[in-house]
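First chain A sits with chain B, and in the next complex the same chain sits with chain C.
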Partner chain A sequence: MAPRRGTTRRRFLKSTGLALAGLGLPRAIGAATADLKLKKPIKIGCQTILSGPLGGYGEFMRKGATLAMEEINAQGGIGGSPIEISFRDEELKVDVGVKNARYFVEDWGADFLIGIDSSAVALAVGEIMPSLNRILIVTHGATEKYNEDLVFKRHVRQCFRVCVPVYQDGIASALVAKDLPVKRWATISPDYEYGHTSWRMFRAYLKRFKPDVEFVGESFAKFGTVDFSSHISKVMGLSPEGIFSTEWGGEAVTMVKQAKLFKVFEQTKAFMIGMGAAMDVLQGLGADYPDGVWASGRYYFGYPDSAENKRFNEAFRKRWDTYPSYPSETAYTAVQALKKAVEKARSVETEKVIEALEGLELDRPAGKCVIRKEDHQAVYAVPWGQIRHDPKFPMPTLTNLKVFTTDEYYRKPPFAPVEG
Partner chain B sequence: MLFQGLVGLSEAMYLWLVAAGLSLIFGVMRVLNFAHGSLYMLGAYFAWVAFRVSGSFWVALLVGPLVVAAVGWAMEFGFLRRVYSAPEAFQLLLTFAFVLILDDAVKLVFGPVYQSPPTPAALSGAVLIGHSVLPTYHLFILGVGALVGLGLWVFLEKTSFGLVIRATAADREMARALGVRASRLFTWVFILGAWLAGLGGALSMPVRAISPGMGELIIIEAFVVVVLGGLGSLRGAFVGSLLIGLLHAYGLLFMPVFELALGYMAMALVLIVRPWGLFGIREG
Partner chain C sequence: MRARLAAGAVLAVVVLLVPAIAGPFLRYLVLNMLLLALLALSFNLLFGMTGLLSFGQGAFYAGGAYSAALLLRAGVPLLWSILLGALAAAALAAVLGAFCVRHTRIYFSMLTLAFGMLVYAVVWKWTAVTGGDDGLIGIPRARIGLPGPLDFSLDSPARYYLFAAVLVLLSMAVLHRLSASPLGLALRAIRENAERAEFSGVPVRRTIYIAFVTAGLFAGLSGALLAPLEQTVSPSTAHWTKSAEPVMATLIGGPLSFLGPILGAVVYLGLKEIIVRFTEYWLLVFGLVLLAMVLVFRGGLVGAASRLRMPRRRT
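And now, the complex of A and B:
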């Protein structure tokens, strides 16, 4: 259940927040000072899935955002103002997501919104951001319609995203698949926006890279599928040579376990899971994760080999006693990006921070990245790799990393339609 | 083709174990137990703990459901029996409260991470049926489901305790007038129902991801099954589960776009034509 505050405390915080915002108006003149005299505290509303069988994801997101908050506050906050983050359960439901966003802004007094796991929720909340007049930084929902349609084509400027879109699941995957000895592909994927759009992209791009491939079948599983047996037997009845899947969280765990029982890994030459390198799946499957499965994520803790990534991993493990999953990194980065942008804009005003975020360069744990001005999408590369069991780690890890440049797999404005 | 049906039936067996307890409890006690899915979840978690301690799947399968049965006893003895005479809405609220409490309790104790113990070696093989591979575990599940069905039938039809249960389900007042101690009977029925749900959960442990909230995913389908088969009818729960399993498996094959709706359409149809369910008893 989402944490709720007592009304009196909320009202108190809101009124003091407003008062402080008023006091903060006359801005510091001259050279940049540590204290920008912004409203105190700066409030960030984060919504993510915190209940049910995919609740593990939200837990990882909460940990990442909280770590960023603690680090920033320990160093004096954003321009002298401490950050306060409130978390609410998105439940992957559009109405809940919209309600949360309205609550954060209208009742709690949020200055910025981050989070969101579901593509559909990201699109719906994105729609209302102009009327709420706040910035939303999506940290997980991955549909390309968010940056390509909502931001680029329809100019909803309040929307940003710091996680790699379905280009990772649908295009980088095709770059891996084109070199695999597989001609007949089938999918078992989620029966909603994310699953359909990834499979459509994978087919279109793989066909372009390798014209003689065939797509022999598909089985789409509803949200909350507890058993994949009939999906597996349906797809295996079409004798595919490779399985492409965008199942995630506990559903990916169940699917892989059951595919193993059905001897799918013996009967096929390749198995790809877009979000299979998420920490909850790695930990959840543990020893049961078959070697050689191709997996990726929106960040992989072992890449890149940079000082910033090393520092982030150490800080995260020290704080939470677990390796970070990708929503941890993206939420961490969203908060850090806000800090950088607010300090650049010397303001928390939506319009000014939007300008500061456009083209902002970040040295994030996942690598150097730039927030593209045209579609407000953070551009950075995440590898694909194959599952292996390395005794040095308490969970399976990736080997044989395939790293593509963002130029190779990020779609670019003006975003030609995906054929097929 | 036939193979797809067999896979659907194996999936239906988990549903049957949950629906059986749900239906039994409603039939005898007239309580719609919303928390039945949570008992299924507890079955998986307790079995997992037992597996970690003992290292044996078989011990886990024995211990897990028994601990759930004990929880069922505590629920009935400590809480439910206080609201039997209250309006049904109170009973629903109470059992729904248990869903929230148990979900959060599991999250507190085990964390939100997915747990997934390995499949026991003896059951991780597969048999070839035509050109299709059927996991040994699925055969095992089919066997257990059938065995439980047979066991329940023998228990209810051939034992004197079963006779008392059936008599109470048919006419509570008359049974009481004839000297049946309803309160003790209710406790035992609830324990049996909880054990069945726990068994379903324990069986799912090595093949499905275990997580808080997993009970909510199965309880809705279990309700559909119970309504379809007739509230309180075990035969109905059995046939209803198989029907839902087959509709799901063949729906995926022949009309994947409508697959989600098929079970509910079947339920709606039954509610229109036979509101008391396929095997339910017409009241009034």
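And now, the complex of A and C:
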């Protein structure tokens, strides 16, 4: 199997490389990097959710990682070595994630690992990285325990993350909410770590910014919920003025559609969805997405207005014929960060690349970013914005973007416990 | 009988030789197969032998895994954590079994499924103890906990493999002995005709109860051995999809022979591992292959093999 795959991929890369060069993309005609005499090829194992109702997330992640690989290989690879990425289904299951990581390193010979959607899987795989002695760059799992506990408190140095953690959902959201004319908040959120933590942070920080708010109710829906009516009626019975939600993917789509039937958007003054600006939610709801809903993500294709972001959007659309979703950007950035770090370290050795990644500055599509040395977390700002329907785009987009400095909303070492 | 002993010896030698000949990933995969084989054997004590389809083995598997994980994190030596983990699972089975064995057939299956998901819900919600959906992380592979010079560390994966493999092989020997014991015969009698067994003096409900608790014990041992292997335990160990794995392994291998679940576990995990390397749409391919196997090999692989042998014997 392996040789056959290799040749097709090589052939395929050659043709895309030529195509990119022919199209005159500035990156593709950049000078090839000097040969650092590293091992060939440099192997990156990527695991993400590729099956089930959230499989679309993994598809977007794969597209982003693949684009980065093609661009890098067209320029001569990392220090003269081409990269090869292998994908495996994470299934959002801890045991599967751990097994994949072991397979990648011990059998396939991966030099680096990237990916992972579930927070629980990110923590579990992070746990075994010292024994595998490879670097893991998480591109989606968002629990703050990953950078705050695993890296900062327990010094698991092999773990990095290039996507914004729940600070986006729990703290930046509070910065938006403090200026809204809403005093009574309630939540409909997923019944696992991500949902609970986001709501806890949101309450703690909003209370700090605006002491007279009230949190009147909460309803947590278990994973795989298809009928939100009981959650909606429970929360609406408490007559909140604003609803905060961290439902995501297909569940966010279902929830919004059902909330419309209950006239929730007429009865409340604000509705916020942490992952509401993810491409699958925007495309999934389409015309059904009510105007004015506050939404965010880990990257929004329309921000920032930079040359790098424009180039990324164009390259992505040319290659895949769709707008990039946030896992595409984070996976793309993970691969690019590895390239930069390996070239800086002039080595693929774990210890040397860790040192190169610490404090690394990146000009990524989502903006300028730095990988914090203390907790190995990439620090960059993602906007919140309101849904609007712009005929120029095939899906709803964001308007009235609120961007906060990372200083305002990223928790900092030594990470005092979140009260409340 | 001699042939069986030889088969057992060959299995044991192969299993114990794995660290010497295989790479780290294959070693890890084989240990996973052994743990699933043990779980499937525990399940088959109820299914193949007694005729009761349990959909709740995951509850005891998770019970063993979480108990062992909590003990290890509290600094208890490895061997004792694992044995106590298995005993905790048996205790859980003793409680739940008291309800489950009151019914048979589909009612038994539904009860085990319901209790299994109850355990799952507890594991999911009781964040303070179980870590909720993040599970328990940072489980140490501590010292084994035997006195004096025998107290070595199992931190190296190869050593842990040998330790776990020996425990699994011993359990298999015990379960094999059990299937040929009077208890095993009584269970088969219940499977064939519970009423008749009752009239011949077999205390049906009590016998099933003993089988249920024993199955819980060995499922718990399998789960307890998982905790130090993965160094994390997550709620998916208690989910019904986990309970379905021993069912699949047993159906593939064949529920009516002792070897069936072991063979089934090897084929189930081996096939999955191979298919995943070829395609990202592995679920589809895997499902089709399993479907074909269940349809073509009725009575499982072992059943099909013995049918192939049968006609030759007759002539």
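Definition applied: the second predicted complex is superposed on the first by the 387 of 420 C-alpha atoms of A that agree within 3 Å, B and C clash if a C-alpha of one lies under 4 Å from a C-alpha of the other, contacts with A are read in each partner's own complex, and residues count from 1 in each chain.
Simple rule for what comes next: a residue touches a chain if its C-beta (ideal position, glycine included) is under 8 Å from a C-beta of that chain, and two chains touch if they have at least 3 such contacts.
As the structure is a computational prediction, the values presented were derived from the model and not from experiment.
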Give one of first, second, both or neither to describe whether A:396 is in contact with chain B, with chain C, with both, or with none.
neither
Give one of first, second, both or neither to describe whether A:119 is in contact with chain B, with chain C, with both, or with none.
second
With both complexes overlaid on chain A, does A:51 touch chain B (first), chain C (second), both or neither?
both
Partner chain(s) touched by A:274 [first = chain B, second = chain C, both, neither]:
neither
Which superposed partner A:87 touches (first chain B, second chain C, both, neither)
second
Chain B versus chain C as contact partner of A:103, first or second or both or neither
second
Partner touching more residues of chain A, chain B vs chain C, is chain B
Set intersection of chain A contacts, chain C complex versus chain B complex
1, 51, 191
Under the stated contact criterion, what part of chain A meets chain C in this complex?
1, 50-51, 87-89, 93-95, 98-99, 102-103, 106-107, 119-120, 123-124, 127-128, 131, 143, 145, 154, 191-193, 196
Sort out for me which residues of chain B touch chain A in the complex.
3-4, 7-8, 10-11, 14, 100, 103-104, 107, 111-116, 118-119, 124, 126, 132-135, 137-138, 204, 206-209, 211-214, 216-218, 248-249, 252-253, 256, 259-260
Please name which positions on chain A make contact with chain B in the complex.
1, 51-53, 55-56, 58-59, 191, 219-220, 222, 224, 226-227, 229-231, 233-234, 236-237, 249-251, 253-254, 257-258, 260-263, 267, 280-281, 283-288
Residues of chain C that touch chain A when the two form their complex:
23-26, 28, 32, 124, 132-135, 137-138, 157, 226, 230-232, 234, 236-237, 273, 276-278, 280-283
